[in-house]
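Pasting the structures here.
Both of the next two complexes hold chain A, though its partner changes from chain B to chain C.
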Partner chain A sequence: MSDTKTITDTRGLGRKFADLDKTAVAPFLALAALFLLGALVNPNFLSIDNLLNVLTRSSFIAIIAVGATFVISAGGLDLSVGSMAALVAGIMILFLNSAAIDGDTAMLAAGIVVAIGVGALAGLLNGAIITIGKIEPFIVTLGTMAIFRSVTVWLADGGSIAMKSIAMRNMFRPVYTGVFLGLPFPVWLIIAVGLLGAFILYKTSFGRHVIAVGSNEDVARYSGIHVNRVRAMTYILQGICVAIAVVVYVPRLGAATTTTGMLWELQAITAVVIGGTALRGGVGRIWGTICGAFMLEIVGNIMVLSNIVSEYLIGAVQGTIIIIAMLVQRTLQKKK
Partner chain B sequence: MGENQATKVAMPVLEARGIAKAFGPVEVLTDISLSVMPGEVHAIIGENGAGKSTLMKLMSGHLQPTRGTVAIDGEPVHFAGPVDAEHRGLVLVHQEILLAPDLTVAQNIFMGRELKRGLMVNDREMNRQSAEAVRSLGADIDPTTQISRLSIARRQLVQIARALQVPHRVVIFDEPTASLTPFETEALLKVIRDLRDKGVAVLYISHRLPEVGAIADRITVLRDGKLIATRNASDLQPVDMARLMVGRDMSQLYPEREDTATRQNVLEVKNFDVPGYARDASFTLRKGEILGFAGLIGAGRTELFEGLVGLRTGHGEVMLNGNPVKFHTVRDSMAAGIVYLSEDRKGKGLLLAQDLRTNLTLATLGKFTKGPLIQRKREDNSLTKAITDFDIRARRRDLLAGQLSGGNQQKLLLAKMMLLEPSIVIIDEPTRGIDIGTKEQIYKFIADLAKAGKSVIVISSEMQELIGICHRILVMRSSRIVGEVTGDAMTEDEIVVYATGVKINEAELYSAGNA
Partner chain C sequence: MRKLLVGLVGAVLASSMTFAYAQDKKVNIAVSIPAADHGWTGGVVYHAERAAKILEANHPGLKITIKTSPDGASQANALEDLTTQGIDALVTLPHNSDELTDPIRAVKEKGIFVTVVDRALSDPSIQDLYVAGNNPELGRVAGEYLKNTMKTGDVVVIRGLPIVIDEERQKGFDDAIAGSGIKVLDKQFGNWSRDDAFKIMQDYLTKFPKIDAVWCQDDDMAVGVLEAIDQAKRTDIKLVIGGAGMKDMIKRVADGDAMTPINVLYPPSMVATAMELTVANFYDQVPVRGKYILDATLVTKDNAKEFYFPDSPF
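This part shows the complex of A and B:
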């Protein structure tokens, strides 16, 4: 019936190269270029210590941005992640300070569970309002961004919420500073979250549904996919990722302040977009996102090491990067 | 008539001289030469993918030819773009509706060339002229109506009115009747005859061969990007056109009708309402039956069935194999063995930006997972089987669904929904925008489904195809089922009477009276 020869692939190497999805490779090329630039600016840049340091510092944004990859590839947006991080951190510390459970280890473990629970609930709140209320994610998360931030400021009474128990601080600190098999603990966490995220997005039917919903919501609905459920779930995943980032963040300073997580939403969205995920949905790239988060931190690092541009301008540079990344994406897509 | 005028003016107003178009290494059009005279209707026919639309885009400045030239009045021209072509009196009426849905009819018709009085737009004058323009197309639409409130057919008419607002010498119609009913088609053909009689040259692309025979002076047939023949319309019967288009004999488009319908009712629907679209619908479907749903676009057929399968709110009594059922979501109806294939393949059927495999298994991913893991290998095997079973012709397996032709998209959608192993298949406009060769395959596929003991509901605006394949046809008009035709009564005349409340010869009289 059908002539099977149409199926066989007889393309040459050149054609295969042309087929290569350039938007998928671009972030890694850009990262390589940054490495080169860093090495030229300061020989210390390429030292293992410096690079591990940069990776460690990028962990908050990288982990949050993995969640944002789900939200954005399903066609949504979450502006509340920064405020949510502050709120989750605040509540986690208040819980730790309450000393409700005997024994510091049990208390810490419970604290982590509480953080993840609060993150998931905050995500569910976003997801529920967006899907049940049928309101634009931009507006909803703009609203919850203000709510989460404000509640945090209220909980902190305008100041900061700090961990009281010095013993517990010391016990918790290695989560940020600890090293395991030569890699800092936060780096292991990035890898774990990345692997899990990639597994869910690329290998499970939920991941397939996320892409379908982001690609075309109507087609997803007509295919019998519970669109609202999938959407809400991406916001819950986002909340959980925020909570995981908080678990790494709290031991670093041992406190949450009114400015905790400020502008993290901007950085997370930037990481996702420069990683090659389409802002309109339908394409998600977990490793690109992590690469993007790493790039943002490297740019800051290079600025600190070089003294050519004032590091106060880091926000401006990151803002420029997202715009350039969009332009590059646009050009690459046009060529396709 | 047109031919007389064509002989009076020897110079073609628009000409293609050996034009070719390549996208990358693939040449989609090869050395096409054709011309259109003032006062002539020149029809271009061909299967989907034959290159008709590309040819029209080349001749109207939307694309630049790779080789060859386009000439106006015998002078080679180079269009800087469609606007440049419009300035030279050449307009293209697009197949897709390109109107702003939130603006009014008049605002759309005059968009970009608003009439002004001083600094202000002159709404009154634009409304007056729009009403007149629309009326000259045989329709009566209030120019202050929002486009989003109009049916697809009426939007099409507004689009034509908008195109004709530009001073024109050549008008290119790209499948203008694809979404029109016979009544509206008649009115449009009359408009085209009027244009021709005024000395305008018309290029007319269509799939509907009888209509081409009725309107064209000359006919050019394209196949696989090559010009097969240009003939006088009087020398070509629809059967010959089909043969030239497909390159083989098309004596039997519809499979032989077999009496596969049993007496067993599989689906009984009583007093079903879909608010705003369908009222009081009652019908039964038998095992092995192919039941047609005819009616004008906007009669509520699509919405009735979307309501029935749980895609929109609907209320009423539904009995499946004698048991009452209620589908809250489309997942429920799928689980019960009922699938609905949307008329809007590109918007609701397939993810155009995803590959064939992703599309194929989207509705049945549960069958391809082990634990949480999707099994790629089994998906791939399923795609291989679908490509064979449904004769999906893709250059490569890793193409995106959007890169397939309309016919192959429909086959992929069929393959996708058949993975649900349904007992009742509802197909909405199964052959819209599909070439004849694929149509034949789809008709055969529908007949085979019935033969295998499944029941099929076909919703279509092509009465011929309903008559050709259905055992029984129900007709809807203004949200209600108004009639049933079976056996020898299954004729276009009979259906149109129910669908419009007007007899078809009245429609012909109407156009003749105005010609």
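This part shows the complex of A and C:
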């Protein structure tokens, strides 16, 4: 782990790859183990319909968690993503209901642009306060978490914000339910966001800067990296990811409620950590994160499909499975 | 409910005309309720504000202060603040019984009239008036309806959160269907959330090839359940029974939707009942102390209009 943190070290490259492989593979092994458990618990678990349901459902957390991978790799933290999702969803639906543009297609396209704009702005707000105000990200995003949530509740008048136009609702719904080449649309979106995220993190200088800032802020600064700009940018990316998740979320139930996105921040952070990204920064694994998001959703799915566990104990079993998955991963990492 | 409201307003109007002098009587009432954190509490806030407007219009000397709090601790603080402003009565829907029993006792000890709504205190001797819905009845009415209309069938249940309210509803339901041909296939907690109910329903549909009915106890969750059934294109489910009386669901019932022919009431407007009764205590000299338990009314196509509030957020 520690050698991946030294950016200028090229001598240990071979060893670094060997190390990377094991850690990178660990979440997928844990996922395979969960598949086995699921198949044992209920044969229906492996049915295509069930697996596609679960994959589709995991899309919100997976997409948000890709953004969180950037934030966390750069040594930051964003607790506001759940509330931000609710706010972006609320504003997007209010915009769609305003019917400001003629034609449903144009309106939907504009709605998506508005959502992404709002997400990026919300991310910028987080990033700006953290970098300019020099305040701990934990505190800043805890604050914006409360702000985004209550503004949403206020916009919803304490109830829910629903899409008014049935025609537009029907047109938008396939974004969640639609299937393209055998895979639901949200799954394609996970793949696209994952590819893009992996490209940015692994192949661009910005990606290398993110890891450098997360490894050691001072060293990064001395190497001429604009630390604040890089950090702020990760929060903007996070905001955009939240908005993309919202674009898939809104067509599912056609409404934003005061409970929309509740605890998503914890799920996203859990997915990132299960996926092998270090909470202290300096290491980022996009595909591990997406695998982590699948695992979280699959654990929930297995619980409902099983008949063994009392409904009161589901939380305990879920917690245990996550901890075991992490222990397996840690053991694999130590074997060098 | 509506009838009672209208009746009370009528009575209040009539009495204020007869005793013109009573109009100028100054009464301060504080209403302390949870902030709108989900659909139902959103409805509570709406109905509290609605009732405050009506009541203040009818009683010129009356002042009603509504304060919402996001959690139990801040509600305890809010109670102190409200009391120091000098109030004659407190109408409160406490966040939880354990945390707020003592703060409400402190209010009572200042000689203030205390009305408790929905969530009972650990020590019921504190309250002057208790207004609540009927949780065991909400489960029983849903269970009875299932038993009587379906006779036999496989039912899945989505519960709320593991708290007393949920237990009572579940027990009422279990008692009602005991010994009948209705079989509960599975029970899971949906946290009174649309998204969680959607997920659980998707998993139920995977798990069970044939489901006859769904009881999900709450209308927010019913929205998620209906969407999951719709997306899976399953036609075996004949009935989805929610509860609480959310306007979208009441509208479905009124429109004669085949899958949701009924709803069971647990109205957030009970806070308005509590406020009306509390005001009556000061202006009308009618005895109100005691317990006022609202029915878990079965809403059908015939009476749905009575419970439909198109402007309410819930």
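As a working rule, the second predicted complex is superposed on the first by the 288 of 336 C-alpha atoms of A that agree within 3 Å, B and C clash if a C-alpha of one lies under 4 Å from a C-alpha of the other, contacts with A are read in each partner's own complex, and residues count from 1 in each chain.
Convention: a residue touches a chain if its C-beta (ideal position, glycine included) is under 8 Å from a C-beta of that chain, and two chains touch if they have at least 3 such contacts.
Note that this is a predicted model, so its numbers are computed, not measured.
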| item | value |
| --- | --- |
| Which superposed partner A:226 touches (first chain B, second chain C, both, neither) | first |
| Chain B versus chain C as contact partner of A:218, first or second or both or neither | first |
| First, second, both or neither for A:208, with chain B first and chain C second | first |
| Chain B versus chain C as contact partner of A:165, first or second or both or neither | neither |
| Which of chain B and chain C A:312 touches, first, second, both or neither | second |
| Chain B versus chain C as contact partner of A:97, first or second or both or neither | neither |
| Of chain B, residues touching chain A in the complex | 311, 329-331, 334, 340, 342, 344, 347-354, 358, 362-363, 365-366, 368-369, 372-374, 384, 387-388, 391-397, 416 |
| Sites on chain A touched by chain C in the complex | 42, 44-45, 47, 49-50, 53, 57, 153, 156-160, 162, 177, 252-253, 255, 257-260, 262, 300-301, 304-305, 307, 311-312, 314 |
| Of all residues in chain A, those that touch chain B in their complex | 1-2, 6-7, 9, 203-206, 208-209, 211-212, 215-216, 218-226, 282-283 |
| Touching residues on chain C, where the partner in the complex is chain A | 35-39, 41-43, 45-46, 159, 162, 186-189, 191-195, 198-200, 202-204, 206-207, 220, 223-224, 227, 231-232, 248, 312-314 |
